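What follows is a single structure, written as structure tokens, with notes after it.
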């Protein structure tokens, strides 16, 4: 069998044409890096979006004069609503504390204050599937009618925007990833095509000597898969270093960064994807052989 | 073994072969001669399917060349060894690997390849240059590599196009003797040449082509 | 002269090797696009940073009991400090108004309030060159001693962070731009090198026919400059479209985006830079010719 | 015009030329002969600086080849027209452009190039193939392109390595006559060949090389 010959020829070509192969591997790697980081970004955005949704809440301000019992029954009423996943009561005092924390250095403005001008409130966490402008509006209208509720802070626009922003990001990311994937195939295709043209004279000769199609094709397929695999390997390494650097350097500044996740399955997936794209590109490049 | 029936071949502007008919027996050794541009190389090309003919029919063994399927061509060519006029050596393979290629294509084991290639390189007096790059060798040495590659697989048919164009008279005689030996083992051999010395006194059949026709058939 | 021959040969090679040339042009273009967008980003960050600095101020809270005259003399004292570019007096009332604007929807917390708990203040704009932690600290210490000044809100940390953030961004941007520029040269170098290798046999022949170095080199230099120029052209077009899309689509959401500037000089600069990088790459690629 | 003084040339393992000395007069026409691998092509290579020699000195006109500067080589080579044994045609240029290249390198105007190339293609009987790709032509036709390219610039020296290896006897005579004509116009011509027919009856000087030495000098 000629498989040893094919492998030898593939490696010889890889070395003889090291510049173009290197160029190709680097281009493939950088495209894959962008694909991986983009994937990582979307994967984590999805997780963050979930968290944000979990945290999204309405705030219901209560009449100051409600008794403890009245508050308790109000809370259970609120809790019983289908849309509500949890409720949290915020007293006048804890509201002031939260406000001061929010204002940070400017909290001195309340220093001279003797009375607490704030009202007690209830924070409602809304179930993810109900978070959209219409539902929030409906809920808010319903709650308005309940006795003891003074005012409602619902911010349906913010919910809408987060949803919209998240959807646009996902779509944009997917488009870029698909474009880049075809880019990777194209790059390997062109490279193998160049290598093919470069060995065209040689191939014409071995055709005349009686070589079969697979004898001619095999070295190119091997070469394409090696290029793709190497590109995948480099991209995985670089992306991981990048991920590591980001979580390490930025983690202390933005705590949410530390929660970013790099799924280990991706490592194997991208090695195989690299090699596969390589073989596909090479196969298209060699094309139909005529005798 | 090989039949040409009214074969014609045209290139864009002119006729290279016009209604050529002849027969070559299995095991025959035949010369084709004629002036430069007469169509000798073209005739050989038609036999190995390096070019298609426009009229007539060529039959080689069991193959009708006008009807041969593309997928069969590699196998068909494995029956043929070719000495190309312009050598067609692979520049980035050593002499040894250039010759071995003919056997690799035929799927032989590396051990068998080694034995056969060494043997044939000895026959053409090139064993000391086995690891050289063909491009570094003299014209005559290159020509002998091509001959070695054509005969190493002991094909049924050998087509030799101007196989001694770059060889001095003595080496030419060696090569013709080599081809004669192989012919004795049963291979059919067709040699295209413009130099009458090559076939004179061989007693073999000689076809002379000129103006796109076979103008004469003689004994060498 | 052989210049027509050189040009013809260059164009022939561009067409014969269209795949690799296209690949190279696209790689060069995408690198240049990143360089341009990075440059645009830094250019605009610089402008934004200047604006931020202009706006950076210290706030000095005044004793509530100061008379109008005392306030006026205090203002001129403050104005006379070398570090101060301008001063602005904020009365109790306008302070409350600003605070409410800042809190937006949460401003209702002051609704029930009868007294204004805030103090009058003066906002000091600091000259750009004095904005660093040490100067701000000194100034703040000095001001503390002035009669009628109650408290000082200086936020030297914020000034420091902005400066630091800006400097890191600039450095990072410059590093990426330099890396990519050498990347562009490398890509053109490898491409021309490949084309050179491909025509190596031909070049060896014409050397034997008596061709001079410049006769051999010229087509490659022309080809390199065309590749670089085309890369530059594409990158300028894409970057401009990108810039246009961003300002157009995002301008309505984030007003600051509308103030981004795309300097028209960049267009010519990048065409010339592209061609120059191309010639440099080609020159290195052809290298020393031996006879 | 050309002096070889004890010139030796070694390749890695073996000696190709050993202490070779001879003189060629300006305007002379000289043959070099010898068996395959004798060193004929190597000798010509040394003259056009296609290879460096290891001992001795070669003087060509005003140039001492051991001392020639790299930057002078292109100009030196412009004095020489070469018929390469392996043709060295540019595959992606037409016949016309292959021949024209020799003049483009010398900086001639396109008008003059056109006149001269047409003229020389007529001489070698290739005018009808001017726009063909050389790779599509017969071996003999290719060889005549190389000859045309070598002579078109009317250089002072013409080195012809096996210029008739692919030509039939009649065409060979035409080519030798062409070279004789050019020789009469004053060019020095050196022809390497393994075939005695080429120089017999020419009355020119013949150097026979073998075993890395000039073993005989005779009249053709």
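We just call them A, B, C and D in the order they show up, numbering each chain from 1.
To be clear about the criterion, contacts are C-beta pairs under 8 Å (C-beta built on N, C-alpha and C of every residue); 3 or more make two chains touch, one makes a residue touch a chain.
All figures in this text were calculated on a predicted structure; none of them were measured in a lab.
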| item | value |
| --- | --- |
| Contacts common to subunit A and subunit B (chain labels) | none |
| From subunit A, the most remote chain by mean C-alpha position | D |
| Length of the line joining the C-alpha centres of subunit A and subunit C, rounded to whole Å | 27 |
| Centre-to-centre distance between subunit D and subunit A (centres being mean Cα positions), rounded to whole Å | 69 |
| Multi-chain contact sites of subunit A, meaning residues that touch two or more partners | none |
| Contact graph of the chains (line, ring, star, complete, other) | ring |
| Pairs of chains found to touch, sorted by chain label | A-B, A-C, B-D, C-D |
| Of subunit C, residues touching subunit D in the complex | 1-2, 4-5, 12, 16, 202, 205-213, 215, 290-291 |
| Subunit A-facing residues of subunit C, complex | 17, 19-20, 22-23, 27, 99, 105-106, 108-113, 117-118, 151, 153, 155, 187, 190-191, 193-194, 197-198 |
| Touching residues (chain side subunit B, partner subunit A) in the complex | 48-50, 70, 73-78, 80, 82, 84, 88, 90-92, 101-102, 104-107, 110, 149 |
| Subunit D partner contacts - residues on subunit B that touch it in the complex | 11, 34-37, 41, 85-86, 136, 138-142, 144, 161-162, 165-171, 194-196 |
